[in-house]
Amino acid sequence: MKRHSHKIMYYETDKMGITHHSNYIRFMEEARVDFLEQIGWPYEKLEEIGCFSPVIAVSCQYKTPSTFGEIIYVEVFVEDFSGARLKIGYKMTNAAGKTVCEAESEHCFTNRDGRPIRLRNSFPEFAKVLEGLSTKE
Amino acid sequence: MKRHSHKIMYYETDKMGITHHSNYIRFMEEARVDFLEQIGWPYEKLEEIGCFSPVIAVSCQYKTPSTFGEIIYVEVFVEDFSGARLKIGYKMTNAAGKTVCEAESEHCFTNRDGRPIRLRNSFPEFAKVLEGLSTKE
Amino acid sequence: MKRHSHKIMYYETDKMGITHHSNYIRFMEEARVDFLEQIGWPYEKLEEIGCFSPVIAVSCQYKTPSTFGEIIYVEVFVEDFSGARLKIGYKMTNAAGKTVCEAESEHCFTNRDGRPIRLRNSFPEFAKVLEGLSTKE
Amino acid sequence: MKRHSHKIMYYETDKMGITHHSNYIRFMEEARVDFLEQIGWPYEKLEEIGCFSPVIAVSCQYKTPSTFGEIIYVEVFVEDFSGARLKIGYKMTNAAGKTVCEAESEHCFTNRDGRPIRLRNSFPEFAKVLEGLSTKE
């Protein structure tokens, strides 16, 4: 799996001179989209076949600030996957290898009408891929 | 017409210590939404009845920077309205009365499917209100 | 304490038709800034006297989506305050009284150079106010 | 000169299902930063040597909407450069070669204290590069 990389833009900094903390939540999404593409289930396709995955929780621990011009590398891993919920972990590091932040997001799955679905029943092939990637023992 | 007011948030500043210039384009939208509400045609209602108004052009001249904690006042006026196009002007000032920026946006009107409509035919009452407000001679 | 209110803007929605989840992290900041102002220690003043409070962690559990035009009410409370760290809780509700999300942020305190400070030593009056508001038993 | 490319993120879309118009102002900045890097004067370096270039005006004409997952290509060109002011043009196209938008930004130059400088006097080598790239006849 190739790490996602994001170059910090000027518009992502704040008057403290560093990347505004809310943007890392966006980088998580970016990295997740990249990850889904790499495992063969791009989010655009998922939405086309009627599989939506709203975010039900996020958390982020900030370790080292970043700023304009820096490249942040984001590792993504499936922390846990039950038929109904998906927990994704993120580790962001800077060019020097220092941890920028560690984060998690949790997702459920719904159909086009927003009704919860069990991925194993509705999209068993996608469910199998996520199970295979789960790092939970 | 009551001016729209916006308090600059920390997340709207950049590492230069001032409000990032892209945010004023968002304040224009905020003020436009407020204006439509004040004239009795809130954008939520317009979308409900199938009247969409995509932005086809924006421009903004920045005069005085603003920063975190400041309140910006936005005056909105209908600069020109033909049956098909609407041009809106914006003047933003700070608490000291200094001009922060002057801006314009242009809009067309479409139905739910994105097809262009002439407002005078499809929504004549809304068209009449805009005509009455037009400052063009 | 007056709840903070935020009207959802069009630019805060995403193609799912709802408020993008990353924006709630920004509403937390907005509500925190409002809270600090209400308790007599506005963030602008804190920065002026050399008291910075970087975010070291955030978490948010999303319960009910919101969308364009809705007003979200944010209650803020001091969950815990040690001399070095501050934990703030947030409860966001919609007009119908339903919980939109529950969230937390953690902060440390630094001087102008980014060096950690103990609030009780450097700014004892501000520390006393936070202690008085702490809901921790 | 290599065109800048930007993949549209989910957080950049709005409830109309398309890229929110304010984001193109950010893509202009991204492309400008990329352009400055390519011509050997990265913005990080410019700020280090005390050369700031605030945006004094932007304009954008939207031609074709874009949405989540699409890649937008941005061409950047120096439209005009006097010693004091710089006008940059942008042409954004989608994968099918259709024009997404055409835009312009205007910049002045200041020192660290925000005082206007004439680039030809203060940073003659950078001024020479911009003059050489100017497409104005």
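Order of writing sets the labels: A, B, C and D. Residues in every chain begin at 1.
Here is the rule we use: a contact is a pair of C-beta atoms (placed from the backbone, for glycine too) under 8 Å apart; a residue touches a chain by one contact, two chains touch by 3 or more.
Remember, predicted model here, so these are calculated numbers, not experimental data.
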| item | value |
| --- | --- |
| Most distant chain from chain A, judged by the mean position of its C-alpha atoms | B |
| Same or different contact residues where chain C meets its copy chain A, judged by the half mark | same |
| Mean-CA-position distance for chain B and chain A (Å) | 34 |
| Centre-to-centre distance between chain C and chain A (centres being mean Cα positions), rounded to whole Å | 24 |
| Distance from chain D to chain A - Cα centre to Cα centre, in angstrom | 29 |
| Where chain A touches two or more other chains at once, by residue number | 10-11, 22, 26, 29, 68 |
| Complex contacts: residues of chain B adjacent to chain A | 10-11, 13-18, 20, 22, 67-68 |
| Residues of chain B that touch chain D when the two form their complex | 16, 21-23, 25-26, 29, 52, 54-62, 65 |
| Residues of chain A that touch chain D when the two form their complex | 9-11, 26, 29-30, 33, 42-44, 68-69 |
